[in-house]
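Presented sequentially are two complexes of chain A, the first with chain B as partner and the second with chain C.
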Partner chain A sequence: MRRMAQSMSLFREYIGNYIKTKLTYRADFWVEVISDLMFSAMNLIFIFVVFRQTPALGDWSEAEVVFVYGYFMIPYGIFSTFSNLWNFSDRYITKGEMDRILTRPAGSLTQVMLENVDPPSLIGSLVGIGIMIAAWLRLDLPFHWYDPLVLIVMALGSTLVYVGLYTALAAISFFSDAPTGIVPLIYNIQNYGRYPIQIYNRTIRFLLTWLLPFAFVGVYPASFFLVGHGGRAMAWLTPVVGAIVLALGLWVWRSGVKRYRGAGS
Partner chain B sequence: MLAIDVHQLRKQFKVQKNREGLKGAMLDLFKREHTEVTAVKDISFQIPQGEICGYIGENGAGKSTTIKMLTGILVPTSGKLLVNGFVPHKEREKFVHGIGVVFGQRSQLWWDIGVIESFRLLRKVYRVDEADFRRRLDELVETLQLQELLNRPVRKLSLGQRMRCELVAALLHQPSILFLDEPTIGLDIVVKTEIREFLKKINREHGTTILLTTHDLQDIEALCSRVIMLDDGRIIYDGGLEELKERWGKGREVQFQFTDPISLDAVSAWTAGMDVRWTKENDLTAKVWIPREMNVSDVLSRVVGSAEISDIKIFETNTDEIVREIYKTGSSEAKEAVRA
Partner chain C sequence: MLSAYLDFVRIRFLMMLAYRVNYYSGIIIYAINIGAYYFMWKAIFGDAETLGGFTVMQMTTYIAVSWMARAFYFNNLDREISNEIRDGSVAVQMTRPISYLMVKLMQGFGEGVFRLLLFMVPGMIIVKLIFPIELPADPMRWIVFFVMLWFSFLINTQLNIMTGLFAFFVENNQGLMNMKRIAIDLLSGVILPMSFFPGWARAVLSWLPFQAITYLPSSVFTGRLNGSDVWNAVLVQAIWFAVLTVPIAWMWRAARTRLFVQGG
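Take a look at the complex of A and B:
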């Protein structure tokens, strides 16, 4: 518990510094926000183009697919803010900054994550909420008092799936001296999770549910709010899967750090 | 109490062997061959609290590996290691509260934010309370004269300015041991002197134990009461600097400037029977080499009695030369000599 409190207070401090830095590079900040938004807009346009050709994908209507996409943007934004580990291998392993991390009295993963916080990504989450609401109204879905609470739980669960998976992936650079193309590969697979999983064949469905559970960052939790798309059971698995994936990710990270400290450079 | 207690410390690395050519690369893809490299070979030493100890050796001798083990970054392959009463790699987070680390070639500070912001962040990371932090910061800023630098971003500092800030960053949490890996690398002579003075001061006032690696032997002469010399992963010398000079310095040289031209035969004749060696620089100057065990004044009196002299200079073999000599002759010979 004291560790949590310490991490939170560090988090405040790092965010403060982040803001100060970004105030010096204001243009940079806006470029990032705009490019993030353009990326999301492209994905939405892609969905619209697809539905120009066909009225439904499987038994999913356009608004439903957009709804799932909107949901996906929420955990993705949170994940990108806190777990911005894309340049981990280059900066911390190759350039040796891991040494510095290890001489400081705070968790190594906590420090790495905090040094790379990226708050502009949160704007994506807000846009996602907007898209969800729009799709919600268009689908004329019922609204229950507990829906916002469930949404929070689901979004957190989904975020943990991402954090866990990408932590494990980042930790691979502890084991392999030259990081391979595995991150781009996973990134591509991740994109499948944004669309209704029922439109894929069984192999891919199995892969996205149990091996690289990206479907828990999209279609499964989003189905909770949609009518007639089956299993609420799958939706409720989201936080569970999130916890398991996170635990695995932390475990891989820890063995990676141990390995680093055995090898050095 | 001992600040650092190292016993039979060893570190081995697995290094990948890259086979030659395209075929070799293909083979490497499927089956990697490794060779074991021992960077640190069963070294032992103790450093008491409050000592400034220099850790020297050629590139690749194992200095950095040792420092990384002592600071908890690397886990030793075997041997015992106790720093500040902790086994560094075991209770890492607790242990690092008590040490400060400066790696000359790497920054502890955040590149884009003002120096003072970096310090504040470190205060949070090390959980130093506000009053202590203020007092400590004021003291350090005063001694190193950083007042004007505090609000500048680190990327706009010169190397010398940055280095002084790094020292502050490493000392804010009042560590009892300070590890410095080449703290004066690339600095000009003024900054070097300032940093040496500063290190001496904190050692004197706070009793901070300091272990530093360096290639600049002037650092050692200015700071260290003790030197540990490493070669190929083994300690080849551990003791005082004076002793090192005495044991390895082969003698002194005296240069005479005469008023009348001299010949080598003539000057050699003056010191006949003494184990000295003359060399002639030019018509008016000659140098005599005197072994350590012989008294310089004996030689002087003979020469002074034999010719008119306009100037005398005495050269002590300096540490640079001694160390170069040791590096050159290699460890095997050196080790025997030290043990003898």
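Take a look at the complex of A and C:
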């Protein structure tokens, strides 16, 4: 509990510093937000253009596919804000900044995450909520009092899937300082998870469900709110899978930190 | 003079060769992306024979060849140029008796040759083994395709140079570079052939240089363009190449009077 409180106060300090540096280059903030959103805009344009040619994708309608995409944007935005570890290998291992982290009392992963916190990505989550609501209204879905609560649980579970996976991937650089090319590989596989998993063949479905569970960051939890796409059981697995993947990620990170010997320069 | 430039091609090629391991995973990544769109399009087609004038086979071929063409023409010259502008090393290069932009183009070409031989060709073979695609039988079509690919490289590189040179005029063009990359993927036809867009968008896009990068060469390759249309497509590319030299020359002249190094 005390550790949690300490992390929270660190978080406030880091955000304060973040805001101070960002105020120097104010225009950059908005440019970053816009270029983040453009990527999602491209995927949504793809969906819209494709559905001009066909009424359904498998048994998914346009609004349903958009709904799944909007859901995906929520955990993805939270993940990108707090777990911006893309340049971890370069900055902390090759350049040796990990030494500095390890001399401090706070948790190493907490520090690395806070140093790279990226609040503009949260705007993507807000846009995702907007897209979900719009699709919700178009689909005329029923609204229950517990839906917002379920959404929070699902979004957190999905976020943990991402955080756990990418923490494990970042920790690979503790074991091998040569670029392995595995992060971009996984990043591209993750694109499969944004669309209804039923369109893929069985191998890919298995991969996305049990090995690299990206389907839990899109179609499974989103199906909870959609009518007739069954599998509420799969939806409820989201927080469970999230917790397991996070535990695995933390375990890889810890064993990596133990092996860390410094850059030697 | 020419041999100096050719040396830049050679050096960049050898440099890329030294880091070739990075590109083996690149081939897998491109195969993954082609796969994602392949399944997507298969589901989109459903039971339909043709869609937007494409058969399933043509569509798969189109996706595969478009991604593989991207493996060739893609480069990071925009990032390189803007880094050199921001850290000031561009000033040193300007004093040399060779053209900075030509050097960049040649370095890009060295990378392109590397990408063609060690990325696009093996990638194409792997993709042909995995996915049902149909390669053209007519050797003439192959020749025209490679000529068009050369223009794709030139036009994409010109757009990269322009984006990179923006670093002279704005303090941070990172966002601009990201936007350019997305614009090229979306508007050049890598993820969606132009013929799927609604009429008004097609009309706008036909007046932009992006389609000359992917859509036109891939349409020739998949046999969707025939006869005089093929030569029209090549002509469109040549015209865009010529037109784009004008803003680059203008930016370069304007830039030289306002180099401003951050923290230099």
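In this text, the second predicted complex is superposed on the first by the 260 of 265 C-alpha atoms of A that agree within 3 Å, B and C clash if a C-alpha of one lies under 4 Å from a C-alpha of the other, contacts with A are read in each partner's own complex, and residues count from 1 in each chain.
Rule of thumb we're sticking to: contacts are C-beta pairs under 8 Å (C-beta built on N, C-alpha and C of every residue); 3 or more make two chains touch, one makes a residue touch a chain.
Everything numeric in this text was worked out from a predicted model, so none of it was measured.
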item	value
Superposed model, chain A: greater residue contact from chain B or chain C	C
Partner chain(s) touched by A:247 [first = chain B, second = chain C, both, neither]	neither
Partner chain(s) touched by A:200 [first = chain B, second = chain C, both, neither]	second
Touching partner for A:17 - first (chain B), second (chain C), both, neither	first
First, second, both or neither for A:152, with chain B first and chain C second	neither
Partner chain(s) touched by A:227 [first = chain B, second = chain C, both, neither]	neither
Chain B versus chain C as contact partner of A:126, first or second or both or neither	neither
Doubly contacted chain A residues - partners chain C and chain B	25
Touching residues (chain side chain A, partner chain B) in the complex	6, 9-10, 13-14, 17, 20-21, 24-25, 96-97, 99-100, 102-107, 111, 177, 258, 261-264
Contact footprint of chain C on chain A as seen in their complex	25, 27-28, 31-32, 34-35, 38-39, 42, 45-46, 49-50, 52-54, 56-58, 179-182, 184-185, 188-189, 191-192, 195, 199-201, 204
Chain A-facing residues of chain B, complex	13-14, 16, 65, 68, 71-75, 89, 92-94, 96-97, 99, 101, 103, 106, 108, 110, 112-114, 117, 120-121, 124-127, 153
Complex contacts: residues of chain C adjacent to chain A	21-22, 24-26, 28-29, 32-33, 35-36, 39-40, 42-46, 48, 51-52, 171-172, 174-176, 178-179, 182-183, 185-186, 191-192, 196-198
